[in-house]
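Below are two complexes that have chain A in common, paired first with chain B and then with chain C.
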Partner chain A sequence: MQIRLSRDIGSAAFIAIACAFANTAILVPANAAVEPRALVAPVADYKIYVTGKVRELVTDTRAFTDAVKAGDVAKAKALFAPTRTSYEAIEPIAELFSDLDAAIDSRADDHEQAEKDSGFTGFHRIEYGLFEQNSTAGLAPYADKLMADVLELQKRIASLTFPPDKVVGGAAVLMEEVAATKISGEEDRYSHTDLWDFQANFDGSRKIFELFRPLLGTDDRAFVEKVEANFATVDKILAKYKTADGFQTYDKLTDADRKVLSAAVNTLAEDLSTLRGKLGLG
Partner chain B sequence: MTPRDRGTVNRASPLAGLDRRQLLLGLGAAAGTLTAAGTAAAATEPDNVARAPLSDQTQQRQAFYGVHQAGIVTPRPATGIVASFDVLAPMPEDLVRLFRTLTTRCAFLMQGGTPPELDPRFPPVDSGLLGPVVFPDNLTITVSLGASMFDQRFGLGEQKPRRLLRMIRFPNDAPDAARCHGDLSLQFCANTADTNIHALRDILKTIPDLLVLRWMQEGSVPALPPQAGATPESARNFLGFRDGSANPDAGDPATMDAMVWVGAGQDEPEWARGGSYQVVRIIRNFVERWDRTPLREQERIIGRQKASGAPLSGGYEGDIPDFAADPKGEITPLDAHIRLANPRTKEARKNLILRRPFNYSNGITKAGQLDQGLLFIAYQNDLDRGFIAVQQRLDGEPLEEYIKPVGGGFFFTLPGVVDDTDFLGRGLLAAAGLIDANG
Partner chain C sequence: MTPTSGPAPAPERRPPSAAMKMAVAAAAVLVVAGGIAFYLASRTARHEARDGGEAVTTVTITGRTCEPNALTVPAGRNTFRIVNASDRAVEWEILDGVMVVEERENIAPGFTQTLTAKLAPGTFTITCGLLSNPRGTLHVTPSAESEAMKAAGGPPPVAFIGPLAEYQVYLTLESAALVEGAGRFVAAVKAGDLARAKALYAPARVSYERMGPVADRFADLDAAIDARAEYFERREQDPGFTGFHRLEWGLFAQNSTDGLAAVGDKLLADVASLRQRVRTLDLPPEALAAGAQRVVERIADQKIDGSDNRYAHSDLSDFEATLAGSRKVVDLLRPLAAPLDPTLAADLERQFGEVEAALARYHQGDGFVPYDRIGGDERAALATQLRDLAAAMARLNAALGLS
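For the complex of A and B:
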């Protein structure tokens, strides 16, 4: 045990407190045995995963922005949500380039003048035109910029040495994203395609967890089971809203299901926030 | 001893520091009269404006264990929060874990102490916002259950307190769904707002899989300077009136048994004895409009003198108005708030409730008006005979022009935790057959 107890050792009050904390994952001690070398393979595998996702993102963004520039509102609308998923899955890496992340994925309320703000570009600016104004008028420059930004992202990721703590920490980061700004349905506020993003965020988080799971010790079995159970809960809820070609709109999510999702997301965020410590990172 | 040494000594001894800082605060304008030693001390530490304000009340502590929960007959401190949650407990053992964990967290937070230290590569156990040693600061946490807790989900239905129901809508209410109801409420009260927030964050972090925050409302009441020999006064609400003047005596156990605590003589489930019905109402006050209302009209609407809190017939805040001698409402209008709420008749004694409200300020509305009001909290042992009866008498009162209830809920405050082998809700879970009688 690496828990250092101070002062109150032995008192009944302390034992009660320690028991209360022991119910949670946060007191599981660090697995000191993880060799830095052991991280190399899963980090490399994760880079392969991210590279593949970026390739998809480039291909999909090209089709999406072509549709926008061709004035094909229906096609552009249909491509909006699926195009974003590969970006959402790799957000922990994409966000390392904050200039590109702001250009590609910022939302109207990140800007003082909201939708009218000249700094509001990227996916959500185009989403606003397509779904709120039902038009591609004036969107061509945003489409060109989005394509250029995505290509730039691909270039930067290709030459990036993936920092292990960012990769491992990314599992929790994705859950924090969902908990902070997505569970409310404010991410895709014009198209209401939030459930696509949810699925991609969970997939990206689970990918990281699965890559590093083999490094966790046997004393982390309960932790692994709890995390897997929460991912399964999320899957079960999202599966209820799947359609032939994607997901129902966010407003279809029942209040009861939203609460279950919310608790699962917060619990995953809490538990996965210990993953770096368990692997001796940070 | 060099001046630097002196500063070190002061830092190591909080009391010495307190004295010196008080000296600096109190005599700042007369610095020229300070002794050489005092001046030297001042020179060691620059006047940092961000220094923490000092309080000698951080070690005030309320007992966690008892037949009743704390935070009801406990004198109301300066700040409070009511937070309402949805409970997710897929299995009966989750429900047990919820109540057991709430018990241990509340016991620790009210007692204070040092949280366990982890390997620094882990997120810390405690938010740290009170420092490395958590101080109690007069904290109470009061746990209550909403009617929805007794629906089909948890198997508690047959144990529902007989008068517990989802908060009903009264004619002047404009309920905001995002600020109403809930499975479980936590009332936090402490000397400082940060202590309540620390406690709330501790609980949220400990059981995120069981509790989903639904709404919360913070509040405070203005503190008064202690005045030797003066009659204590009730704190003022945001209408500027003393609020709580006719409260029953919380220091008298017999009165509390008669009005606040569910007892053996009531047709309530046995586990509920020692509990109480909690009413929370978020009542917006239209303060700009109120401030533009003539004083005499304000006083006639409330039924009290604004400055002294005395009845309109005169005297002191604690004086009982003689409404029987004023049948036409010539002194206190028949529809004045205090007259409707408590007509001071023998029958009306049955309707007395224990009020423990806070004022809240939530910034501004879309219209640019102050979003302020009363976080009304009241306890009684019979919801029908208590708040509901009182509010029904108030329906249509002239004060309604200036107030709008927008949120809140009805809850049942669990009986207390008698000792460290007991836990919150144990009687309820045992009665419902979710745990055996030995817990």
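For the complex of A and C:
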């Protein structure tokens, strides 16, 4: 995360746009059903957030794939985890582009012949080459395809109307995925950079929660506090493993911390799954 | 610019439409998935009879396929019982194109999970385990429930959230582009670079014209940014005459940048205010089609005589931008209208295409042929096409149950 903050992620104009709807929060009294129109501004705001993340992803993927194609193993390894964070941050809505998600982020075991499968492409195929085989040999076509898929994703997002139920539901869906599979360290099994992904996943889910939180009534105050406390717990654990330029490898996570993390993620998944219903999108 | 917006009428305010309030809470044309969290489902892996009597469909995933691999269910709430009979963890998804409607991930070998989804009529695909495995199909047939919804007269209010949000994003981006474009234009004016200022006049207006469908919602700024001379007592000499057309008059009629610096600064301040104002627009759904229809009609009825850019003759550039802004709105609403009025959806697509093609014939270099070179017959033909398009757009709100 520190790396990203120091990087130029776009024009000042864009940053100003990103704050565009900050002052349009609508307060809803206790128990009032949420007016559908009140959801418009946070959905719009979320799309602007995603657009910014995808812009970062395009820039970072270009640098990453350039390093792969230049045969610079050390640089490519160093860029692998930071490049992925903007993708992981928008993973709550990966269901909206499932074909590209499979091309960009599927794991070897989604494919019949695992690492040997010609359909295994994207970040994790390149990760396998870089970290397992310690080489960029044969990776250039995968680098080109990843870049093309990321550019297609940017195009797709630009013209996509975001379905509000998918946006609101996405916060829980991603936490469920972390709880069910990612927590085992399966995602970045060759590089063990899972903590980078986790931070981005939590940030991405939390963004959704924060955008819609103002629409919740006073009756939901306890719910809001509980969700915020669990996000804080998760952040605190991840903070322990931060290094100067990112995170320690996943195997450094102690059993005790993994347990706390796992419990918090499960609770977040459970709690956030009620958000759609609370906002009238059940 | 809206020729009718002289010194400002109060911004239009409408009561919330009856349709918006209508209790179509009885669920969605859109697919709305069941709200059972993954891990809850996984904890209650064994199948139980559900209350409400909804259908339960069992799907068995083997190593290579789903059994059965073609399903047919009635629209409405459906529960699927997914049995993993393969030797690896699998996921099962219902897809609408590339969008996942509902899924269960990480079903362990030998285990069963259930998934509940509210489905609209249509054909979906289902995934079965590995990405390379052949996909199955899920046919959802119309049911009493889905027919009742159609009869209820339009999509439920939640169906408009997505289009309204997407339009809000569009306005945000266009208003930012307006600030940028006006910045470049005014910089040239203030630098005394007459040729460059003239060249940047029409491009600077494009984003403003694209936002035309909502111009009535900030009539005060519209008057400051885009009013024509005839709305002021002393016409071009009137100190109240500001904005794009005041600059246009200086540049094209006076052939000079003299005295325009202050007008330029005011334009920049006004477009900056507009950008702020756009953030707080809270549009009712019926305002989308109504606004888009109005601006197209205004070209046909009023701007067709070239009076809007009477000094620069850059009207065709404005027309194209207005049409693009209207099309954005129609493109957002068409998916909602298509199932309810397929003829209208097709008419709109065809008529937009025709008008766009008609305008494209006048492209020249980066811009357009000057409008004073377009003859009366051609103008009349264009007006007819635009009027027909506006008439089709006028049917949109009715089709959506919004009028």
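The definition used in the following text is that the second predicted complex is superposed on the first by the 248 of 282 C-alpha atoms of A that agree within 3 Å, B and C clash if a C-alpha of one lies under 4 Å from a C-alpha of the other, contacts with A are read in each partner's own complex, and residues count from 1 in each chain.
As a convention for this text, a contact is a pair of C-beta atoms (placed from the backbone, for glycine too) under 8 Å apart; a residue touches a chain by one contact, two chains touch by 3 or more.
Since this is a predicted model, take the numbers as computed values, not measurements.
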item: First, second, both or neither for A:Lys259, with chain B first and chain C second; value: first
item: Which of chain B and chain C A:Thr267 touches, first, second, both or neither; value: first
item: Which of chain B and chain C A:Arg37 touches, first, second, both or neither; value: second
item: In the superposition, chain B vs chain C on chain A residues touched; value: C
item: Which superposed partner A:Gly277 touches (first chain B, second chain C, both, neither); value: both
item: Touched partner set for A:His111, first chain B, second chain C, both or neither; value: second
item: First, second, both or neither for A:Pro163, with chain B first and chain C second; value: second
item: First, second, both or neither for A:Ile48, with chain B first and chain C second; value: second
item: Partner chain in contact with A:Glu176 - chain B first, chain C second, else both or neither; value: second
item: Common ground on chain A, meaning residues reached by chain C in one complex and by chain B in the other; value: 13, 16-17, 20-21, 23-24, 266, 269-270, 273-274, 276-277, 280-282
item: Residue ranges of chain A in contact with chain C within the complex; value: 13, 16-17, 20-21, 23-24, 36-37, 39-41, 43-44, 47-48, 51, 95-100, 102, 106, 109-112, 117, 119, 161-166, 169, 172, 176-177, 179-181, 266, 269-270, 273-274, 276-277, 280-282
item: Residues on chain C engaged by chain A in the complex (per definition of touch); value: 20, 30, 32-33, 35, 37-40, 42, 88, 93, 95, 98-100, 103, 105-106, 130-132, 157-158, 160-166, 168-169, 172-173, 176, 179-180, 279-280, 282-284, 332, 335
item: Complex contact set, residues of chain B against chain A; value: 86, 88, 97, 100-101, 104-105, 107-108, 111, 113-119, 121-123, 125, 205-212, 420
item: Touch list for chain A against partner chain B, complex; value: 2-8, 12-14, 16-21, 23-24, 26-27, 29-30, 230, 259-260, 262-264, 266-267, 269-270, 273-274, 276-277, 280-282
